[in-house]
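One chain, chain A, appears in both complexes that follow, with chain B as partner in the first and chain C in the second.
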Partner chain A sequence: MSLVAATGALELGFAYALLAFGIYISFRILNIPDLTVDGSFVLGAAVSAVLTGSGHPVPGIAVAALAGCAAGCVTAIQQTKFGIPPILAGILTMTGLYSINLLVMSGKANVPMLGKTNVFSLLEKAADIRYSKLVILFFVVLLVFLFYNYFFKTQLGLSIRATGDNEAMVRASSIDTDMAKIIGFGLSNATVAVSGALVAQMQQSADINMGAGMIVIGLASLIIGDAILKNKTVFRGLLSVIIGSVVYRFLIALILTTSLPPSFLKLISALVVAVAISLPNLRVKTGFSRLRIREGE
Partner chain B sequence: MLQLTNIYKTFNVGTPDERSVFGNFDFYVKKGDFVTLVGGNGSGKSTLFNLIAGVLLPDAGSIVLDGTDITTMLEHKRAQMVGRIFQDPLKGTAPNMTVEENLAIAYMRSTGRSFFSRVSKKDKTYLRERVAQLGMGLEDRMGAQVGLLSGGQRQAMTLSMATLVTPRLLLLDEHTAALDPVSAEKIMNLTRDIVAEQQITTIMITHNLSSAIETGNRIIMLDTGKIVVDIAGERRRRLTVKELLEIFQQASRKEFDSELALH
Partner chain C sequence: MKKLISVVMTTVLGVTLLAGCSPKQEQPQQPVEQPPKKITVGILQPMDHTSLNQIRDTVIAEIEAMGLGDQIEIDYKNANGDPSTMVSIASQFIGNNVGLIVPIGTNAAQTVAAATKDIPIVFAAVSYPVDAGLVTDLKKTDGNITGVTNAIAIDEIFNLAKTLTPDASKFGFVYNTGEVNAVSSIDRAKEYCDAHGLEYVDAVITNTGELQQTAQSLAGKVHAIFTPNDNMVASAMPVLAGEGIKAKLPVYVGADSMVKDGGFASVGIDYTILGKQVAQMVERILIDGEKISDNPVEVVAEYAKLINKTTADAIGVPVPEELLKEFIILE
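Right after this comes the complex of A and B.
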């Protein structure tokens, strides 16, 4: 693998680590699959592209976070206050977001930002740094990592974690579990939207379809990270998510060096997740069948 | 202290499965009382607890705790005043969080800290001391995941969490029934000690007639939504298991006979 390809993989790994953080919060901490991310990722990208286009790249990322947070809250409110099953609630928000995203992008399926100042070129201009993308992305990931590592040990953070772990117990300790879920989903999708916002500025364009399959990519990172670093504590969990995201991007980069067409990437991602989740179950089943054979002998 | 007045509760209203559990039900518990509650399956014990804890709302009537009308108060708000421990030791603790984190949730919440406060060094020392009082060796395992503990240890933790800050009312729902005899005995002794020390008004559901007699100062038997036995004071002190069993059988036979007479 060339240095350029390796740098690119590392950059993407960091950018998508934020996406994986978001999915880690909904999927692992709150223990609820959230399909909103496919929409909130694009929402972040769209907001950031439009604001970058009008010369505000940094506010673009902040507003993207707020927009993503709102999208997450909508999904959580559907679940908690209106009793819509979690998966459906996510699909509904994701579907609705398609129209919202098009609205943000003024009805165009693609918003290019070629030649516009973005956060990366800002740093290049300010300080003559070669790897501006890598530096910015690294520090954003570090910041978000430190924030969550702190937050999930505060009273509110502990309440959110306990809500995913044992909801009945949390209600009995006088904590509003609905509120815990809404805040958790808000944070999760805000982080995902920031990921989309950074990716859009990196690629200098936002596309209405760039969110397809984001949940699978995020899950793949989680699972790879889990395999490398058993993640029982929040610190290790968040760290494993970053590692997983980077490793996933290197795997993709390796696959790209083969003759396989890039359009196969989504299929491969889906397979990675399916195999990784089914392996432990298959092991149990084959274990049982071996037992049965032994009994038959 | 706790006053239930004129409570009505019917399940599955308007369906063939309609079942009335409470009709015109009154119940009063004095401050500092430790009531043991016995009764067969379907007698309404759990429904009574669910009504007091706010899991269920009564169809009619009022529930007043310490002068506050809590009839329609939300479950998690009520939880600030009412502690509850279930039969299942898995229900009261979060398995993937550490002993310290579990205790911290109960502690910080009830001491009214800000949302963004974290457990301080002082809190940690305090929580360790409290856990040491349980005599379960948990003080050396503050960083261990609760899922790795035994049922007895988890139930002791739940007890500790429910009483870290003294609740106005403690509801114990057969909280030793799922434990082995040694652990059950230990938890029962802990319960008596903590309740006595903090003078908590307590209601305990139990199927174990001897612990119903050995614990508390008032015994109540519930049958099909009615209090059929209510013994306190001097008579309660002299009560034996044999006597209680006879009363238990008599009361349920009477109920049975009167039901037969109706048909």
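Right after this comes the complex of A and C.
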């Protein structure tokens, strides 16, 4: 693998680590699969592209986060206040977001911002740094990591975690689980939207179809991370998400360097992820076999 | 023990990563022994699709046919429909120092353009390169990008419609709102209709499953249907063609393949011609050393003119004698 390809994989790994953070919050902490992300990722990209186009790349990312947060809240309100099953609520928001995203992009399926000033070129201009993408993405990921690591130890953060663990118990302690879910989903989708916003500025274009399969990519990162680093604490969990996302990108970059037929890319990615997922199972099995030996003694 | 295994597994994973790195680093040393050094052309295709595959196959075959097989090596990569993989492929091309990149389609071209300002790029099948932000003007290619567009001949299609079905004054536009090429084509079709006093209604889809109902909704409301070179409509063209026949509506289309799939008539893009033009441009820039700035964006040299006779008979539209010579008539 060349240096450029490795740097590229690292950049993508960090950019999509934010997406994986978002999915970590809904899927692991709140224990609810959230399909909103396929839409909120594009929403973030669309908002950031439109604002970058009009010369506001940094506010573009902040507004993207707010928009994503709103999308997440909509999904959570559907679940909590209207009793719509979680998966369906996610699908509904994601479906509706398709139109909203087109609206944001003024009816265009693709918003280019080639040659426009973005956050990366801003840093390049300000501080003559060669790896501006890597630097910015690393610090954003670090910042989000530190924030969530702190947040999920606060009273509010703990009540969100508890809601995911045992809703009935939390409700019995007179904590508003609905509010916990709404805040959790809001944060989750805000993070996903920031991921989309940064990816759009990195690729210098936003496209209505760029969110397809994001949930799968995020879950793959989560599970690979899980296989590498057991995530019992939030700190380790968040760390494993970053590792998972970077490893996933390196795996794709590696597969691309092979001379296998390009049409096999998906199959090989699937196999690689399957192997990564089965690692913890292998561990359990070896654990069992050790037990049996002990019993035999 | 568990910890040990986890450490081992992690190491294995890490080592496989590194192992993957090392052979690639060694590889460039091996071909050095062979005297004629080939220049690599990276082809980036976003997904598998009839038209896109046709372009790719033609470009590869044409480079071979021009006798450049011993000078050019093709590195073809397909993102399998995953936009984030396109970025990985682009950085791999750049890292491998390819001599030129051929991205197929708008998104691929944008991804590559964002990734490199140095390596020459010859795009294939970007309908509206100015809208896509790739070039500032079709005639002015002052960056590292040029290529061949597949903008469809809106005027010619509507002229054809006027000849074949002179009474049609209200068109139904069937297209996918998520496809930039299709939406841009429709915008131009609307401009044309506004200028020529034709009416139109939008009938949009966001996935192929919606096509049947959308097409049915047009029955009795319009005199004819127009669909541009829309990949989504193209992939479910028999559905639209069937509904057109049921409602006795002529379906004018933007690509030759769509006439083959039952569409009524087209002055459309022949992707084989487009692919050949791309290959020739690659030769001029890479082998002859011409500058990008001397190679403005090209339009497809020749359009495919087709009429589907079976469909014509089914909807009861006669095909005039003079068109029989000029057009390819499909039975």
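Heads up, the rule we're going with is that the second predicted complex is superposed on the first by the 258 of 297 C-alpha atoms of A that agree within 3 Å, B and C clash if a C-alpha of one lies under 4 Å from a C-alpha of the other, contacts with A are read in each partner's own complex, and residues count from 1 in each chain.
Everything below uses one rule, namely that a contact is a pair of C-beta atoms (placed from the backbone, for glycine too) under 8 Å apart; a residue touches a chain by one contact, two chains touch by 3 or more.
Predicted model, so just to flag it, every value in this text is computed and none were measured.
Quick one: on chain A, after the overlay, do chain B and chain C clash, or do they fit? Just give me the call.
With chain A aligned, chain B clears chain C, so fit.
Which holds for A:Asn149: it touches chain B only (first), chain C only (second), both, or neither?
It touches nothing on chain B or chain C.
Of the two partner chains, chain B (first) and chain C (second), which one does A:Gly8 touch, if any: first, second, both, or neither?
A:Gly8 sits against chain C, while chain B stays out of touch.
Is A:Ile217 touching the first partner chain B, the second partner chain C, both, or neither of them?
second
Once the structures are superposed on A, label A:Leu114 by its partner contacts, choosing first (chain B), second (chain C), both or neither.
second
Does chain A have more residues touched by chain B or by chain C?
C
By the touch definition at the top of the document, which applies to A:Ala227: first (chain B), second (chain C), both, or neither?
A:Ala227: touches chain C, not chain B.
After the superposition on A, what does A:Asp207 contact: first (chain B), second (chain C), both or neither?
Only chain C is touched by A:Asp207; chain B is not.
Please work out how little space separates the C-alpha atoms of chain B and chain C at their nearest point after superposition, in whole Å.
Nearest C-alpha atoms of the two chains are 18 Å apart.
So in the complex, which bits of chain C are touching chain A?
Residue positions touching the partner: 1-2, 5-6, 9-10, 13, 17, 20-21, 24-25, 45, 48, 76-85, 87-92, 94-96, 106-107, 110-111, 113-115, 131-134, 177-180, 182-183, 206.
What residues of chain A sit close enough to touch chain C in their complex?
Residues of chain A touching chain C: 1-9, 12, 16, 98, 102, 107-110, 112-115, 199, 202-205, 207-210, 212-213, 217, 227-228, 230, 247, 249-254, 256-257, 262-263, 265-266, 276, 279, 282-283, 286-287, 290.
Of all residues in chain B, which touch chain A in the complex?
Residue positions touching the partner: 53, 75-80, 83-84, 90-97, 101-102, 104-106, 108-110, 113-119, 145, 161-162.
Applying the document's contact rule, which stretches of chain A touch chain B when the two form their complex?
On the chain A side, the touching residues are 150-151, 153-156, 158-159, 161-162, 165-166, 168-177, 232.
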